[in-house]
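Both complexes shown next keep subunit A, but they swap its partner, so subunit B is in the first and subunit C is in the second.
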Partner chain A sequence: MAAEHDVAQHTVTAGEYIAHHLTFLNGTGAAQKNLVDFGLINYDTVFWVVFLAVLGGFVLWLAARRASSGVPGRFQAAVELLVEMVGDQAKGLIHSAESRKFVAPLGLTIFVWVFLMNAMDFLPLDLIPRIWEGLYAGMGHDPHHAYMRVVPTADINATMGMSVTVLLICLYYNAKIKGIGGWAHELVSAPFGTSKNPILAVVLGLVNFAMQLIEFAAKTISHGMRLFGNMFAGELIFMLIALMGAAWTGANLPSILLFFGHFVAGFAWAVFHILVVVLQAFIFMMLTLVYVGQAHESH
Partner chain B sequence: MNLNATFIAQIVVFLTFVWFTMKFVWPPIVKALDERASKIADGLAAADKAKNDLALTEKRVGEELRKARESAADVRGGAEKQAAVIVEEARAEAARIVSAAREAAQGEAATAAQRAREELRAEVAALAVAGAERILRREIDAQVHAELLTNLKQELN
Partner chain C sequence: MEQVYGLVALACGLIIGLGAIGACIGIALMGGKYLEASARQPELMNALQVKMFLLAGLIDAAFIIGTGIALWFATSTFLK
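== the complex of A and B ==
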């Protein structure tokens, strides 16, 4: 988030700086051209999601390994607090104890993982990209193409990947709890009901089914896009703040004012971002629990 | 915002992480939490029970003290009564012994008086015989004149 003086190099304009920071490392050395291209993969996102999953999993495993019914230490108490919080929320939203055996750990995983992915925003904006630039150049590549994005949740692939997984889990529970027949009946009879008149019933069925599809799509897309939008915007604002400090041209008044602005804005946004990071992780977890809970309820 | 194969990778990583949490993280922590909750519940119940027990014991101790005090008073009263009885008995016994002794002494005295009298009588009889001998100037055979002497003795009574 803090400005390393990338822009100060006269060859890089503010636009280029931001564009560079918003380009994924996908092996082509350039931004992806097509909206959807499954031949490409963002190595930086994949690396960081795996790294953070391993880190989060390790921390949780440490707490789980030491878990005992005796007096807990601070670390164990903190993890237990988290587990209790997720467990309580799951209990309130999903009434099947059998489903909770999967859904409660799912919620915990989401909260911890999304929190860690969001928290990557707290690292200095240019820290990891600069290190990567050095490594990339050291491997004999052009450092201008050393792209590195460190906030995985600012990659729509990551957030949509998670929200689509949640959708699949919801579809599984719909079929499991209501049975294929029961669920199929619900798909054509809710939310507008059905009719005894066969023609009307078909019309209503189509309308209902369309509504159900829209509902699933809206839930899933808004689920993934909300997190992506928040984190992408947060990252972008850190970049814009960084530009203020990067505009340093010497000990003149505009430069000093911009530097001061960078400090104030950077500090304020970082503090606010603490809230955003935790809140978005919590919202993603809660929505997952709510959607899975809805999959358990018949209309 | 472009979709690519990262999307698939994310789904795989996500499901793996969820599986890991479900398998190795959630169960031990929840188990520990449940165990601790039941331990605390047991502890609270034990504390309640101990408090009740203490109150009961205190009550019982009070009761026992009261009983002990009462029985001590009983014992003291009984002992006093018994002592009085014993003193009374001893006094009666003493009186009895004194009167028996007195009676015995009286009897002895009477016997002694009787014997003295008899001795006296015998002596008087002997004296009378001696006197009569002297008077008659002849020896009277005590054996021959036993009947006479006995009659004389009888008259002296």
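== the complex of A and C ==
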């Protein structure tokens, strides 16, 4: 059992180290008990989410303000590439030009925002928690209770919140494009169709409706859980790698080997994580567009 | 209590291991088909690459969700 090993600075065990890094700053110092708990607010997640949204918005605003119709600079060209990429994907998936006016910027926002939130994983694991520890102690609190998690997408509340928002947008477009009546008809007649026989029609309607509910639930849950699972697993592996380096006890062979392993594994995982971070942001954006596009298609 | 620890460790190993088998076979099949397709029609490579990455994310989803749940079980059991 990992918790029994005494590593990391004589007093902190490996288990305590990870448990400390997995606790949110929510005012109680305890973990969330239920999946849905509106009584708790993870202040660290809220802070980083808002901070990164403002940062991403500011950078894109800067590019838009400085944009020239002449030869673009590198910065402008990069932002134009990004906007064009999202615009192309939206064009391929959503065939209504009017909806695209809202959904393409939504896709861009999601991509930039999720990318920035995921990219918090690249900062040294202990950098911000240590700074926060100092600030917390400076404010006259016990530094052992200075909890801080810097990757907002490794918080299931943040990712599920985003995927539920996407669900609400899909429901809105379903009702808007097909009309309430048309959508209600689709809910009971797709995917298995309906029948002329009234008894059979009722049975098929119930089955269809159940299938539609399952589809919406599965889409939303897998949408949020996918991002959470990737980032949570990545963060935990960074912590385990950090523990290898923390096992330093002096210039003896196991310590040197572990330090070497820490360096190699940390490098390899960070490089692989660059792919994961961009890919997950891209997939989150693409699936948002796909789901909104599905809301436009009638059966 | 020791038995609970052992069972949780086994369960986490099974969740991650079986999920990994499925995800690996899926990615391998899709990657092979992608290479075949782009060898036949290299002009489609970019369009296919975007779709391949999207599908890689979808194939990975069940495995990653499983891994997340397994790691959550492991941390909440062993770090008490």
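Here is the rule we go by: the second predicted complex is superposed on the first by the 289 of 299 C-alpha atoms of A that agree within 3 Å, B and C clash if a C-alpha of one lies under 4 Å from a C-alpha of the other, contacts with A are read in each partner's own complex, and residues count from 1 in each chain.
One rule holds in what follows: contacts are C-beta pairs under 8 Å (C-beta built on N, C-alpha and C of every residue); 3 or more make two chains touch, one makes a residue touch a chain.
Keep in mind the model is a prediction, meaning the values are calculated, not measured.
Enquirer: Between subunit B (first) and subunit C (second), which, if any, makes contact with A:I18: first, second, both or neither?
Expert: After superposition on chain A, A:I18 lies in contact with subunit C alone.
Enquirer: Of the two partners subunit B and subunit C, which one touches more residues belonging to subunit A?
Expert: Partner with more touched residues of subunit A: B.
Enquirer: Per the contact definition in the header, classify A:F228: touching subunit B only (first), subunit C only (second), both, or neither.
Expert: A:F228 contacts both subunit B and subunit C.
Enquirer: Of the two partner chains, subunit B (first) and subunit C (second), which one does A:P129 touch, if any: first, second, both, or neither?
Expert: Touch partners of A:P129: none, neither subunit B nor subunit C.
Enquirer: According to the stated criteria, A:L236 is in contact with first (subunit B), second (subunit C), both, or neither; which is it?
Expert: So A:L236 only meets subunit C here.
Enquirer: Looking at the overlay, does A:G266 come into contact with subunit B only (first), subunit C only (second), both, or neither?
Expert: After superposing on A, A:G266 lies clear of both subunit B and subunit C.
Enquirer: Just subunit B (first), just subunit C (second), both, or neither: which does A:G293 touch?
Expert: Neither: A:G293 stays clear of subunit B and subunit C.
Enquirer: Is A:L35 touching anything from subunit B or subunit C once the two structures are fitted on A? First, second, both or neither.
Expert: A:L35 sits against subunit B, while subunit C stays out of touch.
Enquirer: Which partner does A:L279 contact after superposing on A: first (subunit B), second (subunit C), both, neither?
Expert: second
Enquirer: What residues on subunit A does subunit C touch that subunit B touches too?
Expert: 31, 228, 232
Enquirer: Under the touch definition given earlier, write down the residues of subunit A that touch subunit B in their complex.
Expert: 24, 26, 31-32, 34-42, 45-46, 49-50, 53, 56-57, 60-61, 63-65, 67-70, 72, 79-80, 83-84, 87, 101-102, 104-106, 108-109, 113, 155-158, 160-162, 164-165, 228, 232
Enquirer: Okay, in this complex, where on subunit C does subunit A touch?
Expert: 5, 50, 53-54, 56-58, 60-62, 64-69, 71-72, 75-76, 78-79
Enquirer: If you look only at subunit B, which of its residues touch subunit A in the complex?
Expert: Interface residues on the subunit B side: 1-11, 13-18, 20-22, 24-26, 28-33, 35-36, 39.
Enquirer: With touch defined as at the start, can you tell me which subunit A residues reach subunit C in the complex?
Expert: Counting only subunit A, the residues touching subunit C are 1-3, 15-16, 18-19, 22, 31, 89, 222, 225-226, 228-230, 232-233, 236, 279-280, 282-283, 286.
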